[in-house]
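We call the chains A, B and C, going by the order they appear; numbering starts again at 1 in every chain.
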């Protein structure tokens, strides 16, 4: 019984944070048709902002979240302008997805090495945003985890509202579905693309604040979240927002079961095995677009 | 804002995709308040022409003047914001968005966005059959309904100055074609919008066309009123349309 | 069989052959002129990287399959050669060869799940594969790999010799393998196999219509590149007499991908140019660790955005332009002028 509770709690916590980081990648892929490899860097930068605000500056955790949002939004926009926008007009002459995979990867290299220069190789410990915890059915649950899950769910809900209710949110979805039609409605894609990437990066940045508090901030703190987000977006099907959400919790569940059954160390290879099976039998993921998968 | 005179003027336009140029040296004038119809067989450059005018493809030569401003080479979003509304072939609907969301996208530029509720009410009034579909995703609609959403989306711009419609009858059942043309007639008469319409034949355009141009091999070969052209035997023989 | 779309295969002129031969002789004689072990050491390391990059370039540039799991294959070659040396007492050259075979075999297996995927999914899958292999090596429960402390010391290839002699012997061995791999890939590229691979890459529908099986050719491409990369990994192991999982991961991958992209993906001289250039840059920045990678990232970005064909593509474009301008009939022979742009996998 207590194991079931443990698995359920861990599924919600892990699934929510995975969803928060991965949904940005999905948003970017759907809109810009690029796989943003700098998304992990935004998690890493979010962790450092958390460290700077909470440890160095001794500010309020809410302020840390706001600061992380603003900083990663700006950096995501910047990354788009530098590493993707110059290639936008040349979609036909080059293999756009491959090239942007490499350029956003290059941006990620720069980010983590600048972090290495500035903060050094050693990890910085970040205190939990809220100390303490409760015991539910014999399972310890920290307030930090609860806050992380709730904030992630709240932010994903807010994203959903933004995408279905606001002018720019609708425009992001419109561009993802039919670029030409969206442009002929007057949507300025030159501004919309950086905005989208900034928004997605900001979500990852918020995720970084929580992950930093859960673990620590370091120049490579974004590598594992990036890998997990990649697994989630493949599993969900690239470009599908609802698929990403399902996949995030499914991956959270698989990982939670694996942790309880055989321990934390081997969860990543297990997830990878799951992905392998998914790709062999459903190459477009849970809710991806089958027509996009060729060969 | 009442305008008179020339709204759209195209001079010596050449356009196409890559090496295949399908619009060759095309000249066209659309006057304010008029409905201009371009008739021509498939593959003779009508769609390409509209796409070049709205900026979706860059013309390789020639000039496009819209409302006294030169717009060729501009981005499609910039041209759209000036009041040029392009209802694309195949509707160009956002298939995973609801009917209402699709319509709202039509009012994207900031000034119509402020009056989107009024524009929305106007579309519901004009196309009452869409009201019960408002929360449905566009991909679940029938072809005729999609066409109406496409037109309705064009009407969401209260500041629209030119409505370009690409083959509104394409792929529709005769009953639906009548509904669609009824709507176009209504737009023309009630709203007085300037319209540039493209069709494959004369069949449906009776009663809406002020000026008709016949397009062949990417250029205009005949122009005149519908009556003049339909009394011209060679034209009628070529474009089988019955009136 | 040869389709014009796929790109011409050029014959090299006599002067070019002479230049290549001179270059090889000069590089081969270099250890007699230079006896500074540090410099020779840097060159041997660069040669090993060049073997790996040649293999990677083959699958990424020539076959156009977005395989980002190459470093895992490289590591597999390294560790399996090491395990053979430690536990079976096989002679070192044979262990190196078998390391290559093991890596090639795993690489063929990796080809299977990628078969039904298109571009970006392939890169995700192979990238995750590499991450997991690294993870398994570091967390190996049986202690076979030495975990994060590195592999136990293995016998070297030329252990009987003095240290300078050892480096020289290694230098020539690896140089020979570099030459063999480069010419091998060159030959394959213009052979039926290479043409089939490029047809599948550039015109998949056409390839299918001609009965060219993408499955067979992709497996061959993975097998060949895996074998060469495995040999490179095994060479690394025997040269340094040990190996750690840090030969893979994001940092080495960034460096290798940068080398390939800067040189020019899919070109024969690309890996050579990229590896040489980046080795020099790395050595220049050796006193500023960390800055090096930041600069690499920026260089990678700039090259991809502004010089998408890499330096080799740029040079051949300029040469073509100059030739056109001079107005000569004959286009000067360059081995690699035909693939100036990154591969296209979409159909």
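Here is the rule we go by: a residue touches a chain if its C-beta (ideal position, glycine included) is under 8 Å from a C-beta of that chain, and two chains touch if they have at least 3 such contacts.
Owing to the predicted nature of the structure, the values given are computational and were not obtained by experimental measurement.
Minimum number of contact steps separating chain B from chain C: 2. Taking the CA centroid of chain C as reference, the farthest chain centroid is that of B. Relative to the whole-protein C-alpha centroid, the nearest chain centroid is that of A.
Here A-B and A-C are compared, and the pair linked by more C-beta contacts is A-C. Chain B and chain C have centres, each the mean of its CA atoms, that are 54 Å apart. With centres defined as mean CA coordinates, chain B is found 42 Å away from chain A. Spacing of chain A relative to chain C, judged by their CA centroids, is 32 angstrom.
Listed in rising order, the residues of chain C touching chain A in the complex are 66, 112-113, 115-121, 123-125, 127-129, 131-132, 135-136, 139, 204, 214, 250, 254, 257-258, 261, 290-291, 293-294, 296-298, 300-301, 304-305, 308, 341-347.
Only residues 35, 82-83, 86-87, 93-95, 97-99, 101-103, 105-110, 112-114, 116-117, 220, 223, 227, 230-231, 233-234, 238, 265-266, 268-269, 272, 275-276, 279-280, 283, 292-295 of chain A touch chain C when the two sit together in their complex. Taken in their complex, chain A has these residues touching chain B: 164, 167, 170-171, 173-174, 177-178, 180-190.
Contact residues on chain B toward chain A in their complex (touch as defined above): 54-56, 75-78, 80-81, 85-86, 88, 92-97, 101, 104-106, 108-109, 113, 153.
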